[in-house]
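Some structures are shown below for you to check.
What follows is a pair of complexes built around chain A, which joins chain B in one and chain C in the other.
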Partner chain A sequence: MEILVYGTINSVSLALMGLGFAMVYGISRVPNFAHGALYVICGFVTWTLFQKLGLPYFIAIILSLGVNGVLGMLMYRFVLIRVRGMNISEIIASYAIGLIILEGLRFGGFRGMTYTLPVFMEGSLMIGGVPVDYHRIVMTIIGILLVAGLWLFTHHTRIGLALQGMAQDERAALMLGIDSDFMAMLAMGFGAVLAGVAATLIMPLGNIVVESGYHVLIMSIAVCIVGGLGSWMGAFFAAFIIGFAQILTVVYIGSHFQMVVAILAIILTLILKPSGLFGQQKELEERV
Partner chain B sequence: MLEAKELMVFYENMLALNNISIKCDDNQIVGVFGANSAGKSTLMYALSGIMLDIQKKERMAGGERISLTGDVLLNNKSIMDVKPSLRARAGIVLCPERRRLFKESSVIENLRIGGYLATKSQAKKTMEYIMEVFPALQTLRNRLGGFLSGGEQQMVAIGRALMAQPKVLLLDEPLLGLSPLMQATLIKATKAIQQETNISVIVAEQYARPVFPIVDYAYILENGAAVMEGTRDELMDNPDVKSAYFGVS
Partner chain C sequence: MSSQHARKERIDRGIKVRSDGLYALMSLRELSYLTLPRFILIAGMMLLPVLMPDMYWQRVISIVCIYTILAISFDFLAHYVGLVSLGGAFFIGTGGYTAGILNTYFGLPPILTVPLAAIIGGLICTLMLLPCLPLKGVYFAIITLMYPLFMARIIEAFDIFGGTDGLIGIDNFSSAFVEQYLVVAMVLMFLSGIRRFVTTDMGLIFTAIMDNDQAVKASGINIAKYKALAVFIASAMGCMAGACLTHIYMWTGISQFALDFSILPIAATVIGGSGTLIGPLLGCLILVPVSELLRDFGTLRIVFYASILVGFILFRSDGIMVFGQRKYEQFERWTKI
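Moving on to the complex of A and B:
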């Protein structure tokens, strides 16, 4: 029971981390290595607005999500647009932006254990004999709602459908008047907002630390590779596989092997089925 | 309406389009015929602006250097430097070779993605119209694009292009790999669409025979150059065309 409950919670938090990365890659084919930095910066912006400027918690969250979205779009508009289509440069450029943000924050004095955000709801609940605090339940529910919302968005709105079209065949979308650079910028904004949502949901469970940026980046890459690059639904399912694998490892082997699971998942996927669970990168499979 | 003037396209040093001038007036169906590698698709890409995107992508990836010279005019205004998404907005919509459907989206979703530029009421009206022209799509509404037959895919591809509210519809090899029966259906539908929606159509095809009855004017390409042009009747009576493209001497 413990495994089931905490496995689900862990999986949803992994899915939250990975969704933004998967979405950006799926639509614009840009691997956004600044994803972790966007995650961390959203936490710090929320913290600043809430703790320093004294805004209400909810408004601080909404504002910082907005800031994150704009940041993501600016990142695309001014940097990544120039290297889009050059695979290695995309990684180097986005990782450089990530490093600037993360190390900049560290340099600016945002380190240590003093930065925390409050949970949404205090208290806990017993589920099948396992104590679970309300915040984790809220997080799980919002995570699942978010996936459902994303599905509805990509299948039933004009912009969502256009994004879907572009993800499948950019040039065919272009023929229908869907501007690929504008859509890629939007995707980047959405990805940044999703990173922010993950941050506001997960960060209250611990401290806001710069290091979590790297952790989130590795986890989201793991989730996306196992799920198949370019498929955010795949990322969602992969999050459950890795999430449960991690909890099983913690219970039966030891908590310090948690990270090994993610890396092992990447390696195994690349050896056995390089295109991942739902991947579209079939070329990769052919090459291997 | 849509016009190309002295258009030349080079892939590195290879000449793909050699000094081509073609013209498509309002409410006309113009045929562009030629063998493989005669430059039909290149012409279509140049007219729709996709060539600019190909050029950009090639430059990014360090691939072929593509250069374009000449001019493309829409309603006598040069659109040579206008990017493809804006050309589609201006009414030039390409229905590409090999259809390029969104394979993981259903027929309806394909059409709705095509309706990105349309207003809600336009999209609804066009959707109904497409179902009227291609009744076969009625029962396939929720089938994924990748699970359709070639003919069905072509119908969806034409429908998808219509959803973008074109003024000039560019059809690149719409009959590729289809049965004669399906070819006839599509050609009849193309004519009906052109007449009922008052658009212009430029259709590029390898085999002139099935398309010829509906074109008003046609160009024949060879090695990237337009070697012959004329109205349907003029070309019909030309002995060279007869022997080369209709298989009679």
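Moving on to the complex of A and C:
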């Protein structure tokens, strides 16, 4: 029972981390290696607004999500747009931006144990004999709602359909009058907001530390690779696979191996089936 | 003349054209046009350790050379074989640990461990990367980025080879002189060796694999074999650099798998000029000392070289060396349209 409950919670938090990355890659084909940095910066912006400026918690969260979205769009508009389509430059450029943000934050003095965000709700609940605090439950529910919302958004709204069209065939989308650069910028903004949502939901459970940026990046890559790059429903299912695998290793082998599982998942998936479990890309595109 | 009615054209300098052929031997001027840049490079590298004022800066030169070897291996793999490996740290770490183990457990002297680490480490890296060789583009880049993290976690989790503390008490090179000139000689050797190598028949096959692997496959060439060979060459170079690093610091540990070793060589290659092989050296000569100067500012140096990297990728993606070469070989003028 403990495995089931904490496996689900862990899986949902992984899915939250991975969704933004999957969305950006799925639509604009830009592997956003600054994803972890966007995650961390959202935490610090919320912290600054809430603790330093004394804004109400809810407003602070909304504002910082907005800031994150704008940051993501600016990043696309001024940097990534110039290297789009050149895979390696995309990786290097976005990773370098991530490094600038993360190490800049570290240099700016954001380190130590003092940075925490309050949980949404205090207290805990017993589920089948396992104590679970309310915040984790809220996180799980919001996470699942978010995925459902995203599905509705991409299938039933104008912008969502445009994004989907671009993900399927960029040239055809261009011919139908969809501005691909604007859409890619929008996707990047959404991705950044999703990273921010993940941050505001997950960060209250621990401290805000710069290192978690790298951790989140690896986890989101793991989720996306296993689910198939570019397929965000795949990412959601992959999050459950990795999430449960992680909890099982923690219970039966030891907590040292939690990260090993994620990295091993990436390596094995890439070797055995590089398009991932749910990937829609043709095999030829990625291997000879 | 406004730019609307004119365009810039580039023409090879006369001396370049003359020195391409047999005429190069006709006058000292043409001879020096050809040999001077190479002479400056070799003499400059040989003199560098002597010119450095103290031990600290001599050590910096050794580090520059180690990063250069790594950057050359990245440049070779990325721009002559078409495999972009973001896992420089994987090579450094494997080589470093191999040398450390050979030295502490088997008591071999550095003169043996460095070449052995290159061969054994190269084999280990190639074997581990063998299943990923069919991957292309982003996929290969991501998987190579993951390998060093994986190795570090494995060593940490199983607590082998000294665990988080690493292996200590590894022998040093017999003197600072040997240390300096070994790495300098290695840089020069790899530089000229790879430059020659990419023009041989085998080098041609590598370039062809980069351009169109299907076509190479269709001509009946086993591309997996050649890719593995290229990875072996590159990883052996990286491992050799790692082994030297281990002996210089007399220590090997998990931090040799750190991202620093993956990012800095790439930054140096992009800045210096990708695909030129000499560019990585130039980039390292600029980046490493600057980052040493910024050491007091802690992580600011990472911010600094990441910003330079972004700037170069966006505005000067061909790098300093290509720019310099163009100025050296060609002149520009405005012509009427």
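Throughout what follows, the second predicted complex is superposed on the first by the 283 of 288 C-alpha atoms of A that agree within 3 Å, B and C clash if a C-alpha of one lies under 4 Å from a C-alpha of the other, contacts with A are read in each partner's own complex, and residues count from 1 in each chain.
Note that in this section a residue touches a chain if its C-beta (ideal position, glycine included) is under 8 Å from a C-beta of that chain, and two chains touch if they have at least 3 such contacts.
These figures come from a predicted structure and were not determined experimentally.
Undergrad: A:178 contacts which: chain B (first), chain C (second), both, neither?
TA: first
Undergrad: Determine, for the superposed model, which of the two partners chain B and chain C contacts more residues of chain A.
TA: C
Undergrad: Once the shared chain is lined up, is A:264 touching chain B (first), chain C (second), both, or neither of them?
TA: Only chain C is touched by A:264; chain B is not.
Undergrad: Check whether A:84 is in contact with chain B, with chain C, with both or with neither, and answer first, second, both or neither.
TA: first
Undergrad: For A:162, is the partner it touches chain B (first), chain C (second), both, or none of the two (neither)?
TA: A:162 sits against chain B, while chain C stays out of touch.
Undergrad: With both complexes superposed on chain A, which partner does A:254 reach: first (chain B), second (chain C), both or neither?
TA: Second partner only.
Undergrad: Look at A:218 in the shared chain and tell me whether it touches chain B only, chain C only, both, or neither; answer first, second, both or neither.
TA: second
Undergrad: Just checking: does A:52 make contact with chain B only, chain C only, both, or neither of them? Give me first, second, both or neither.
TA: neither
Undergrad: From the superposed pair, tell me which chain A residues show up as contacts to chain B and also as contacts to chain C.
TA: 83
Undergrad: Report the residues of chain B in contact with chain A in the complex, numbered from low to high.
TA: 48, 50, 53-54, 56-57, 60-61, 83-86, 88-89, 93-96, 100-105, 109, 112-117, 160-161, 163-164
Undergrad: Spell out the part of chain A that touches chain B in their complex, as residue ranges.
TA: The touching residues are 83-86, 155, 158, 161-162, 164-165, 168-169, 171-180, 182.
Undergrad: Which stretch or stretches of chain A touch chain C in the complex?
TA: 31, 79, 82-83, 87-89, 91-93, 95-97, 99-100, 103-104, 106-107, 218, 221, 225, 229, 254, 256-257, 259-260, 263-264, 266-267, 270-271, 274, 286-288
Undergrad: Note which residues of chain C are touching chain A in the complex, please.
TA: It is residues 78, 84, 86, 131-132, 134-139, 141-143, 146-147, 149-150, 153-154, 156-157, 213-214, 217, 223, 263, 266-267, 270, 297-300, 302-303, 306-307, 309-310, 313-314, 317 of chain C that touch chain A.
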